[in-house]
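Down below is the structure, laid out as structure tokens.
Here the chain labels run A, B and C in written order, and each chain numbers its own residues starting at 1.
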Amino acid sequence: MLPIYAENLLVTVTVFILLSWAFYLPLRGGQLFNGPVFCAALSGYFAAYVTKVLGWPVPIGFVGGVLFSGICSFGLSFILAPLTMFQMAVVTIALIFIVQTTFRNLEFLGGVIGMSGIPGIENILIVCAVSIVVCVVFLNRLDKSRWGRAMEAVERDRDMASAMGVDITKMSVVLQIVSGTMGGLAGVIYTFNLGTVHPEIFGFGQLLYCYTIVFVGGRDTPWGTLIFAPILWLIPEFFPKAIAEFRNVVFGAIIIIFLLFRPKGVIDKTLISALGRTFRFRKA
Amino acid sequence: MEALIAYLEAGLVSGSIYSLIAIGMNLLLVVSDVILFAYGEIVVISMYLCWLILKLSGNYLLAFFGALGSSVILTLLVEPLLRGLREKRLVVETLVMTIAVGMILTEIMAHFLNAGLPIAFPPSVVGGGGEASFGLIKIAAADVYVILATLALLVSLYYFLFKTKQGKALRAISYNIQVARLLGIPLQKATSISFIIAGLMSGVTAALFIVTIGVASPELGAHVTFKGMAVMLLGGMGSLKGGVVGGYILGIIECLVRGYFIGDWADAIAMGCIMIIIILRPGGIIGGAR
Amino acid sequence: MEKNNSFLLRVKDLSISYGNIIAIREINLKVEKGEIVTLIGANGAGKSTLVKGILGIQRPSRGSISFLGQDITWTTVDRIVASGIVLVPEGRGIVMEMTVMENLELGAYHRREGVLVSMEQVFEQFPILRERKHQKAGLLSGGQQQILAIGRALMADPVLIMMDEPSLGLAPILVHQVFEIIAGLKKSGHTILLAEQNARKATQIADRGYVFEKGRIILEGPSQDLIHNEMVSKAYLGG
């Protein structure tokens, strides 16, 4: 099979694609929801605990982790739904922090050190591929459906959308649950591949990556993330070590530059439809 | 009982600092429609620069003004980045832009200043040089400086906003920007003034952090920003009075929790309390302009 | 005859669009010193747009505006107000949370001296404002707020006062009061451009008028002519 190094890389890219999609979704509905990060932590810890400590089989741990994060987002959504965008952003950042602190202080979950020796998934690449395909199909269908249009309306003008009959609260809840679940999916994949879990595993560094990917790659369509996440991750791998230190500064700078000149990201709807048209011409 | 008073005293001190942060951030919000997620990072990087200047020159005054100057300059540098987005009313993008700036500043501190290690200020500076003890209650000279500085800033700000023409113009903008525009009040100038004031306040905040905490690390920046935002939400977004009240509430809760609970829980619990308050009263304790 | 330099304000072939919608087109208008010129017409006919265009809030797509001989077509709002054009906006445009006195002070933002003198004069003319000078403006009644808005405009020591629907939402007796005030302003030498839906009252106090319909000026002339014009009379003056 592939060398471990390459396999790890592909898995990590998958994880970031999934995490970024988890951000992308609520953003399409006008929300800055940082749930994916702490949901990944929650699912990762859950899966780690049940497989390592309780000895459950890996597939059950996997599914369990995803479900766990989904349930947590569901529970939280009742609290979070009525918040304004800014409040939601701040509270979800707070939750990232609170979750990290909680795990850090719970001894049965390994405390500061966390847990290691977690069993892995065979054929993890297949799991990754399936996840990506499922998610991209889902996101694409969502975009084109009635829901997708409703989300766009809410993103543009929340009050007007509400006046036109969109149930904002329900949409917010659904987006949070799906987003949290996708975050959970990323979390279990990452944890099983890494074999360890610790409190800082999912935190603000991941947040920065995901923001960069989504805001630079494209806010309008899921393809932006799909194409850009590998680029963002792989390019620095080819840089010499010295420049690697600059990585986050560069990411931040890239976000700023793009926000100044192309706020919707590189790949947006118009680009996609333009590409679509050129290809259609070619066929004819 | 003594312990309680000690905690309350500490809470007042940190509360004062939190109030200053919240006021700086709230001012930017109501006058310029900007939530500066990089505010805390600017404060901390000013602390770093002050430390550098102190190390290189040994001159306290120079270091102090260096800190003040750097925070003003940094704040003013951020303003043009945001101008385009504000005009187009792109709210999410503005937030993310300021987050990105904050992250860049943190990275600079983590890699290029003191090789990413935390900095510590000499004991002659920390604590302000002297303290008084009443049993368990220790009041450092620095604590007094903090309270005095906070009072001075609050009074000056009040005077500016309520007794000067430019200050009243800023208030008018915060209440009703359309009307202010019709009256021919130059909005860009007001925005610049608000950024300058915020820059000055963050510089003073940096100085106060230096004399009370005496150490800084790259992660502190995001931490401070976050606390500032929590206070903003607590007191009501955009409410200056709310910022003051909220700041003290956070300061006191934090110190009480740190005093009475063991473990790392202090921050998490304080955050939790704030979250609960926000959820119960989304408009913040005082409620405010927004 | 009309001389160029007696014009305070001259609008030439002005068009203003909101995106793809043309709000006003080919507007030609002038205001001379010391007169009251009124713009009458239905809601949405373009009067407000023109006023906002002169103030600099709406950017013209075509044409020019000149004031005191200077071209102000592209000048920013703050400079236009500083040069002496003030607006009493539709809906009064009072800052509710600030006191009466603070509102008046805002009107004098661009002045360096003589502010206190002006405030005295405003209080003399409108004693109700003096009574309530420390009250929050939001506590005033509609009519009092209108008076405050006018007083605020006077605080700027203006060259040209523009008013957008000053009588809107006021009870008839207050409407009468407001128009008396406007007529009085002319007597004290002010120049006024008045956009009003209440065509009857407006033509009574104005020297000249322009009739707006669907973004164009369809008629202009001395107000006497407008009053006696049959079409105008039927459409706007209630026959």
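Here is the rule we use: a residue touches a chain if its C-beta (ideal position, glycine included) is under 8 Å from a C-beta of that chain, and two chains touch if they have at least 3 such contacts.
Note that this is a predicted model, so its numbers are computed, not measured.
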>> Using only Cα atoms to place each chain's centre, name the chain farthest from chain B.
In response: C
>> If I average the Cα coordinates per chain and compare with the overall Cα mean, which chain comes out closest?
In response: B
>> With centres defined as the mean C-alpha position, give me the chain B-chain C separation in Å.
In response: 44
> Could you state the distance in Å from the CA-based centre of chain A to that of chain C?
Replying inline: 55
> Taking each chain's centre as the mean position of its Cα atoms, how many Å separate chain A from chain B?
Replying inline: 31
> Across the complex, what residues on chain B touch chain A?
Replying inline: 35, 81, 84-85, 88, 90-93, 95-97, 99-101, 103-104, 107-108, 110-111, 222, 226, 229-230, 233, 237, 263-265, 267-268, 271-272, 274-275, 278-279, 282
> For chain A, which residues are in contact with chain B within the complex?
Replying inline: 27, 30, 32, 79, 82-87, 89-91, 93-94, 97-98, 101-102, 104-105, 204, 208, 211, 215, 245-246, 248-249, 251-253, 255-256, 259-260, 263
> So in the complex, which bits of chain C are touching chain B?
Replying inline: 55, 57, 77-82, 86-87, 89, 93-98, 102, 105-107, 109-110, 152
>> Help me check something: in the complex, which residues belonging to chain B touch chain C?
In response: 165, 168-169, 171-172, 175-176, 178-187
